[in-house]
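Multiple structures are listed underneath, in structure tokens.
The following pair of complexes shares a single chain, chain A, combined with chain B in the former and chain C in the latter.
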Partner chain A sequence: MASHAEITASLLAFQEGYNKNERLKIMNRDWDRVVLVQASDIPSQHTLELQNGELSVREGAPPRADLTVIADSETLADLFYGDITPTEPYMNGTLKIIGSEDDIVRLDFISLMIWGE
Partner chain B sequence: MGLKRVLTLRTVIATSAGLTLASSSFVAAVQVAGFLAGDTAWLAILTGGLLCLGAASCFSELNARLPSATGIRLYFSRAFNDRLALTVSLLYMAVVMGVVGAESYVLASVLSSALPAVPPLVWIVAMYLVVTGMNIRGIKIAGTFQDLITYGLMGSLVVLAFIALARVDFHLTAPLAPGGALAFINAVAVGVFLFVGFEWVTPLAEEVTHSRLVSRGMLLAVGLLSVVYALFTVAMTASCPREALVASSAPQMVFARTVLGPAGVFWMAVLSLAASITTFNAGLISVSRFIYASAREYVLPPVFSRLSMRFFTPWVAILTVFAAGVTISLVVLFTHRYLVLVNLAAAMESVVYALAGLAVIRLRQKEPQAECPYRVKGGVFIPALTSLVFAVLAVAVMFTDFYVSLYLLAGFVILWWYVHQVVPALKSKYQPRRPARRRRPVAEPADAGCKKT
Partner chain C sequence: MKRVVSVSLGSSRRDHRVEVELLGERFEISRRGTDGNFDRALELLKELDGKVDAIGLGGIDVYLYAGKTRYVVRDGKKLMDAVQKTPVVDGSGLKNTLERETVYYLREHTDLLPPGTRVLMVSAVDRFGMAEAFAELGCDLTFGDLIFAAGIPYPIRTVKELEELAARLLPEMSKLPFHMLYPTGKKQETQDEEKVKKFGHYYREAQVIAGDYHLVRRYMPRLDGQTIITNTTTADDVAFLKEKGAGCLVTTTPEFQGRSFGTNVMEAVLVALLQKPWEQITPRDYLDLLQRLDFKPRVVYLR
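After this line comes the complex of A and B, so read on.
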């Protein structure tokens, strides 16, 4: 089981990877979204916010989210560090992403651009 | 904390019913009537609808237990095993492509009937180009527009049916004597096609104001459709000779011309276009997204997961579906064997519904502690009955049409081989690209200290 701090660190690594990628920032300039990242096995909630192509990370839940990413803490930490791809846990139901299908594809694309296959 | 969920019950019903209502539905409705004596088509359609309500309940429980856009791929994987789930999902998607092929053929016949100067081939290619363009640009039919199309369509069908019944001074003839049990079973089995796709609304569970609205919406959509189809089919068979309806690939046009003349033809052409565009678009989106997701997990070569950098849509998957769809439509256009595709879809849908019933029972046994906000009432009775009845209906369709059995069996064997031989090879070829060392530190880091909300 990963801790809340590990999930925070993984999200910061994800943010760092994102911010290094100028092309990704330009591509997401018109995709303003609020993403809630929630662990299913420990009390841990984070907010990812994309605004004008910039990604920010905060601890805690947002008032309103466009997308909610729910998984056990281990999966979340591995996922945002890029040690696993989202596809397998998503297909086997370990990872739940609540939101529109197009937004889910976009999130998958961002992860792919940051961490590769 | 809340989600910015926007869809209401009205739109969920409209979406579920709208995905199901298609131009080829009228062909299936005439097929149902063709099996039966007297005015008993309504009975077979209402029975089919009632059975689909059982299937809808099972899908509601599966969706409540495993809310995911991956649908049957995940339900069957958890309930049975991944290989069976993959084989059935691939086969189902192939059949959906067949439905799209049949739909394009029927709609082309409708439009050519209204505008004979334009050949069906032109209509088919034009439809595929429009819908493929919409898909690549990521344009979806909005909720309000979907409401307008579906409710307008159902209202128009009811009005047309009443006009037709009033004109012939209709009285029911032998409404409860279908002419034998076997004929009735076959009629109900083909009647299942009328409801194909109502469960495609389940991915919307993630976009509604309350997740139980999807369950309620599906049940209400099936109920509404049953009544509209039953009424319209009785009106068609009461107003026109059955031989003329059965012989036509667009029986609704024969009906509309008989009842209202050229005005009816125009009205029905518009209705058919509206009915097709939603089904057509949803079918192509479902298959292309399935191809994309399959490529992302290396079930298909990774080239199919390429995304458009401008629209963030899986353009290779969409173009593949375009090519496959046009090919199927051309084969149908030249062979005129669209009824095989209708029967194939009815059989495959029955197989999927039978498995959905079994999946509910199996998941209750395997994961008794799992969170499940919706459960089908009455223990295992409805899931078991759904499973049994749809298994019988699938067999009935296969016995009625030899080619359906042949295509389904061949498809299953080929995909079973693909899943067991090719998929492992693809996975072993592409999965080593993952990082050799873990990026995540082994030791637990100190609190990274990002901003707190």
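After this line comes the complex of A and C, so read on.
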């Protein structure tokens, strides 16, 4: 089990990876979305916000989310640190993403652009 | 009579059956759509296994190529693995030869593809041979793989960048359910109006639009005489393209009784003719056979 602080740290690593990738920022200029990241086994919520291609992270839930990402704390930390890709946990149900199919593909894409090989 | 059947995840409205003679052999070629129903496609494949001479898988790719790397689409492989006895192909082997040759043919025999032609390929990882041929002939390329499959307004301009992005994305994205990446079933009969509005300018800026017909159709805005290079078209498709303002239609596969079949069907026909295990067939085998069959791209002027 990961702690809330570990999930925060993983999201900050994700944000750092994102912000270093200028091409990814260009690719997401049109995609303004609010993402709620919620652990299923501990009380932990975070907000990822993409606006004009920039990604910000903050603790706590947003008033309204376009996408909700739910998984156990360990999976969330692994995912945002890039130790695992989202596809497998998404396909086996460990990771649930609530939102439009296009947005789910886009989120998968961002993660692979940051951590993929 | 040899029987070749294409099992497609696409709409059953496009189902078709023809009889033709090729190199002295009679062929019954048919297409059976399952309206996006994956389980129905699996059942049908099992039912046909061992009873026909070759099977084509349509409406889905099994193998995608970028450079020398081959990526396996998980859903496509599941379908392919359901067939144990009959040779089964997805068209990717033929795409790499026939579609490459189509581009060379157009340069040599028509005025549709002079150097510097602005070409939009709606998706290139499913027809990498064609993409490489356009690049080789000095076309000004836009690969729309990210734009249309993922909704990301990022035109890929070079084969090198396409390969780099494919290496990063495809090993994982190919594991997603295929319907998340490609229009299947009823989606093939409609247009994605939001994307037409948002990304239609990529079509209008191009002189040639190439790629999978279902993708080409799904995002097509009003055109102004552009050339469309694609594979599977029906009479309704030709009417659709005319109505949209396309200037010319080039199909890479030959026409049988008013209908050009998908590459998977044609590859299945060639496999049935070659009577060699698929894994032993080389691009040279296909090229030789295509020459003997005198297959040429079909060019139809729509204006």
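Here, the second predicted complex is superposed on the first by the 116 of 117 C-alpha atoms of A that agree within 3 Å, B and C clash if a C-alpha of one lies under 4 Å from a C-alpha of the other, contacts with A are read in each partner's own complex, and residues count from 1 in each chain.
One rule holds in what follows: a residue touches a chain if its C-beta (ideal position, glycine included) is under 8 Å from a C-beta of that chain, and two chains touch if they have at least 3 such contacts.
Here the structure is a predicted model, which is why all the values come from computation and not from measurement.
With chain A as the common reference, the superposed partners chain B and chain C clash.
In the superposed model, A:Ile104 lies in contact with both chain B and chain C.
Legend: residue contacts after superposition of the two complexes on their common chain; A:Leu12 is shown touching chain B, with no touch to chain C. When both complexes are overlaid on chain A, the residue A:Ile26 reaches chain C alone and has no touch with chain B. Measured by the number of chain A residues touched, the leading partner among chain B and chain C is B.
In the superposition on chain A, contact of A:Pro43 is made with neither chain B nor chain C. Applying the stated contact rule after C-alpha superposition, one finds that A:Thr87 touches each of chain B and chain C.
With the shared chain A as the reference for superposition, chain B clashes with chain C in the stretch 167-175, and the other listed options (95-103, 167-175 or 293-301) are free of clashes. Comparing the two interfaces of chain A, the one with chain B and the one with chain C have residues 27, 85, 87-88, 90-91, 101-102, 104-106, 108-109, 116-117 in common.
Taken together, the chain C residues at the contact with chain A in this complex read 146, 149-154, 167-169, 171-173, 175-176, 180-181.
Chain B contributes residues 1-4, 66-70, 73-74, 77-78, 82, 138, 140, 203, 206-207, 289, 292-293, 296-297, 302, 307, 309, 312-314, 430, 433-435, 438-441, 444-453 to its touches with chain A in the complex. If you check the complex, the residues on chain A that touch chain C are 23, 26-31, 85-88, 90-91, 101-102, 104-106, 108-109, 112-113, 116-117. Considering their complex, residues 3, 5-6, 8-13, 27, 36, 46-47, 56-66, 68, 77-78, 81-85, 87-88, 90-93, 96-102, 104-106, 108-109, 115-117 of chain A touch chain B.
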